[in-house]
Amino acid sequence: MSVRIAVLGAGRIGQVHARAIAENNTAILAAIADPIATAANAVADHYGCDVRTIDEIAASDDVDGVIICTPTDTHADLIEQFARCGKAIFCEKPIDLSVDRVRACLDVVNECKAVLMVGFNRRFDPHFAALKAAINKGDIGASEMAVITSRDPGAPPLDYIKRSGGIFRDMTIHDFDMAVFLMDEMPVTIQASGSVLVDPAIGAAGDYDSASVILTMASGKQVTISNSRRATYGYDQRIEVHGSKGMVAAENQRPVSIELATSSGYTRPPLHDFFMTRYIDAYAHEIAAFIDSIVNATPASPDGQDGLNALRIADAALLSAQSGKAVHL
Amino acid sequence: MSVRIAVLGAGRIGQVHARAIAENNTAILAAIADPIATAANAVADHYGCDVRTIDEIAASDDVDGVIICTPTDTHADLIEQFARCGKAIFCEKPIDLSVDRVRACLDVVNECKAVLMVGFNRRFDPHFAALKAAINKGDIGASEMAVITSRDPGAPPLDYIKRSGGIFRDMTIHDFDMAVFLMDEMPVTIQASGSVLVDPAIGAAGDYDSASVILTMASGKQVTISNSRRATYGYDQRIEVHGSKGMVAAENQRPVSIELATSSGYTRPPLHDFFMTRYIDAYAHEIAAFIDSIVNATPASPDGQDGLNALRIADAALLSAQSGKAVHL
Amino acid sequence: MSVRIAVLGAGRIGQVHARAIAENNTAILAAIADPIATAANAVADHYGCDVRTIDEIAASDDVDGVIICTPTDTHADLIEQFARCGKAIFCEKPIDLSVDRVRACLDVVNECKAVLMVGFNRRFDPHFAALKAAINKGDIGASEMAVITSRDPGAPPLDYIKRSGGIFRDMTIHDFDMAVFLMDEMPVTIQASGSVLVDPAIGAAGDYDSASVILTMASGKQVTISNSRRATYGYDQRIEVHGSKGMVAAENQRPVSIELATSSGYTRPPLHDFFMTRYIDAYAHEIAAFIDSIVNATPASPDGQDGLNALRIADAALLSAQSGKAVHL
Amino acid sequence: MSVRIAVLGAGRIGQVHARAIAENNTAILAAIADPIATAANAVADHYGCDVRTIDEIAASDDVDGVIICTPTDTHADLIEQFARCGKAIFCEKPIDLSVDRVRACLDVVNECKAVLMVGFNRRFDPHFAALKAAINKGDIGASEMAVITSRDPGAPPLDYIKRSGGIFRDMTIHDFDMAVFLMDEMPVTIQASGSVLVDPAIGAAGDYDSASVILTMASGKQVTISNSRRATYGYDQRIEVHGSKGMVAAENQRPVSIELATSSGYTRPPLHDFFMTRYIDAYAHEIAAFIDSIVNATPASPDGQDGLNALRIADAALLSAQSGKAVHL
């Protein structure tokens, strides 16, 4: 059985997902929607799919699921619309920047018994997935402490930052999701510090560009997170989890792994400089998991509750950074 | 402009190349040929191309180039057939196991002014290509010595070994091509040693399973090669080149790069265990280069002469191993 | 000129320092003091020095400096005694577990204009020293964030833990000193979390065995620290500092660096399993620095103020962990 | 029991061995001999030992063993002299550059039943020793192939090269000894290639500066060696041994192991740039083994036969490089 998928939004991430569907043996890219006709047509031409409006897709009998890649402020409405018409839904994170709006949206999803998967792509990265598998296999015994380092090659445009909800809701949220995913537990206490060290304009926009967080789980397990909006050496994405029997760590990734030795030392090339090349496999595996959940009628994961969890932690972190106090969930 | 390509042979490597063509933006997979109808049909169904016989493809106006993935003993004949009908030709290595037959075949190619590219895929591996680029950029000054380590996860079936032409013509030939490619020079002296250390049955079949080779170029540059038909830890493929200003090395590749630390030490997973996963990017880049050479009417590289060069070195290595003498080209 | 040094305390660390003096070309080990005669005699026999009482050493004209390796609760009194009789003083950390007592002791040191160096040995580790030198050289631009991972192979005896002042004053204090040393700045806000994950007996003794800390400096620079009292793979001591132009990290150290590759993967041996082998070079360099400061009459570093600074941060961390609030210095 | 050792020759390596004796708990440095009085006196002053002539040492009742660090052309005579007067002998490699002279010398050693240890220090390097231990433990199954890379930071003075016996007898000889030590077997066939790539003056002096060698053992096991007299990135000393169950490799060593990441990539410092810092532990362990063999009256290892073996391989390699033929032992 093949499932037929429509992609809403023909931007950068929409194109990535369209390609993942086209290369997936179980799925067919049925339609693309985008208010910019040239963008939609480019995708349609390349993969031989239809261009339709969002409402046409909602009304289409030949579409089983949708992938929402539209601007953030449309996510919750679109989720509700497609939940109501019975389509399986994959939505890029976040569902919304407001916890209340997310809760209301998830109520609709639950009422409609809709399939909703949220785009925390890092869970599907082969390296992080192997790390999680090693933990599940018992390789490190009982998990105790995690250290997550997450630094972007460079800050996004100021305009984006202003709409992003801030570093905790936009960037650290991925680390919050990984923390909960890896430790299998929600934090009860969040301590955070935010600074402006990279670009004063980010501070002027009301945001931080550098952040550190401690999550303490009910069991006492701890996770520390270190974030920066700029890393000259590339997209720095490391996770290590320490437990009673050992530690497991996922290393950084680089496009080519050669090493040059000269009188200046031994040099390996910088890391990937873009999240899309760094996580290209993760995106494909994520879409494959969504398709599997439709084909096998199994629960989608990560789901709306995971999206809500990460957002609640982000809100607590922001409050902690602003107030200088630990925040309890 | 799109170029239309037919693939001859729907086996393992034929399928890899078919996929590379399908995903290439400049090429169209026009047809597949295979005496086993189910194999040909599977490829045709998956990519939406025709099934044709080899002779039909030779006669097709809508085919610009062919990719020869048939058994080795058919390569030279097919190259001549397609050279005569003006198709661009990509042929898996080797052209033939006989130097004389290769020379005769290349005469036909030259007469027909045909495009012929030979499948030394390792030149297109991103890591080895980056190593070559570093050399060309002058990062190590003048190249002087190379050390190539090449070990297979396991020996191929005995039946294959018997038809393979022996370890030097089948396995080391890739290292010979890389040596010439990286040092930009042919060896003048070949010293080789062959042993049976992995499996006595390989020795009974008249072959070696372990080999060491020194190539000495006219300039005095030296290359050492170490080969084994078995490596328990995966597909071991390393090259380093040492020069007047430094050294550059390409590291091994593994599917996932996590590290587990326990009381037993720090452990990273084994390497790729299969040449097709190890060299998946190399195959795609190789086919892209073939397509580029058709689109831009530029010389194909590596070409027939490169295939002949590597085979002549392999023959010399075999003679050296058998006679215990250095062989001069 | 040679300086003559006496060592107070012939225990484990006293022996390490005695050896460092004996091997130092500028110093002479003049005397050893220890209430346990066999311990003192063993050192005296090995290095050919005198056995004297502490009071005899204080009264000795032929002793330029002392190294205090006695139990913690004697440190402040001994510092004051030797400050008053004009000897240069090296004291193992901590000066005292009470900030008030440390302040009173430093008042005496200052009045006497005594040389006082405190034993934060990690500053003298060649790898950490190289990291600091790289920062000073401008290799990473402006420092912004540090991540310190510090895990012991195993917890000390409970009896020791009860007298230790707790994990922050006993173990994390080294990381606090390194944070201030590397960032050249004191924190203004300390956020800490403490848990009992390794051994409930440690919790019953009123201490934590796992801790995470965020230090935020006045400039907004941030340091995260992750501590555990147990690491199965050895003595885990890593520091990385991230800045505007890059990052510099000091790697872990192991006694032998071989790598074994098998079907289970690539394995390197565990790390050093003992702080004395891990930091053997650091101890020698530390004592050499103390001797240099006597010979050249230059200020000792780290000094008493550094000891006080680290202790104040430790007290703040403890308060933060216990109260769940950020503590401001 | 303490053993009393005299060192013959107060040059660079003599000083290293004098220090190793002084720091060894079982040995006493009894005397130093050197025709240059200032050199002998400097050692005597530093360690508090006598200055004596070689003949005085030979006649000394209070000397149990000697360490010969004099020029190569005196080694064989001194070995014979001290064998005849019953002293245990440690001699720096080589015993002599002539196989015949070595044989004659070993005859005297055997007649006198003298203890003779030869200074192949690499066997005692902790990393290479761990590699050998892993092989002996069965970690890689049956050894099959070794790859030895050995490159000096820079060529020695021409004057030294002229007296050295050439690259195979001076430099590769260490690799030959390691090959026999690790594979537990002598080669039956030696194939070698020598080139002048680093410095034409070395060629003018009748030597090579770059060499590659294949050793094939009677069992068919193979060892490849790659040598250069110059490596800009430091003292490159790697060994890997491949076997039926896996591979074990000893990594290069550097004085400090930090890593700097910038937009240019990830850089670690160069390797040790001098054999004495690289092998400082090896020298200490080597002398400790010599002292142990005296104390326990156990056979010294490596012994004179090991010295002869390595020299015979070196002679064969030179003949192979000059003649272009494989040489059989």
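Worth pointing out:
In order of appearance the chains are A, B, C and D, and numbering begins at 1 in each one.
In the analysis below, contacts are C-beta pairs under 8 Å (C-beta built on N, C-alpha and C of every residue); 3 or more make two chains touch, one makes a residue touch a chain.
In this text, all values refer to a predicted model and were calculated from it rather than measured experimentally.
A repeat of the A-B interface exists among A-D, A-C or C-D; more than half of the contact pairs are identical by residue number at C-D.
When the interfaces B-C and C-D are ranked by C-beta pairs in contact, the top one is C-D.
With centres set at the average Cα position, the gap from chain C to chain D is 39 Å. Distance from the chain B centre to the chain C centre is 57 Å, each centre being the mean of its Cα atoms. Counting only residues that touch two or more partner chains, chain A has 231-233, 245-247, 261-263, 269.
By the touch criterion stated above, chain D contacts chain A in their complex at residues 231-233, 261-270. Residues 142, 144-145, 147, 149, 151, 189, 191-193, 195-198, 210-214, 216, 220-226, 228, 230-233, 236, 242, 244-247, 324-326, 328 of chain D are the ones that touch chain B when the two sit in their complex. Across the complex, chain C is touched by residues 23, 126-127, 130-131, 134, 139-140, 245-251, 253, 255-263, 269 of chain D.
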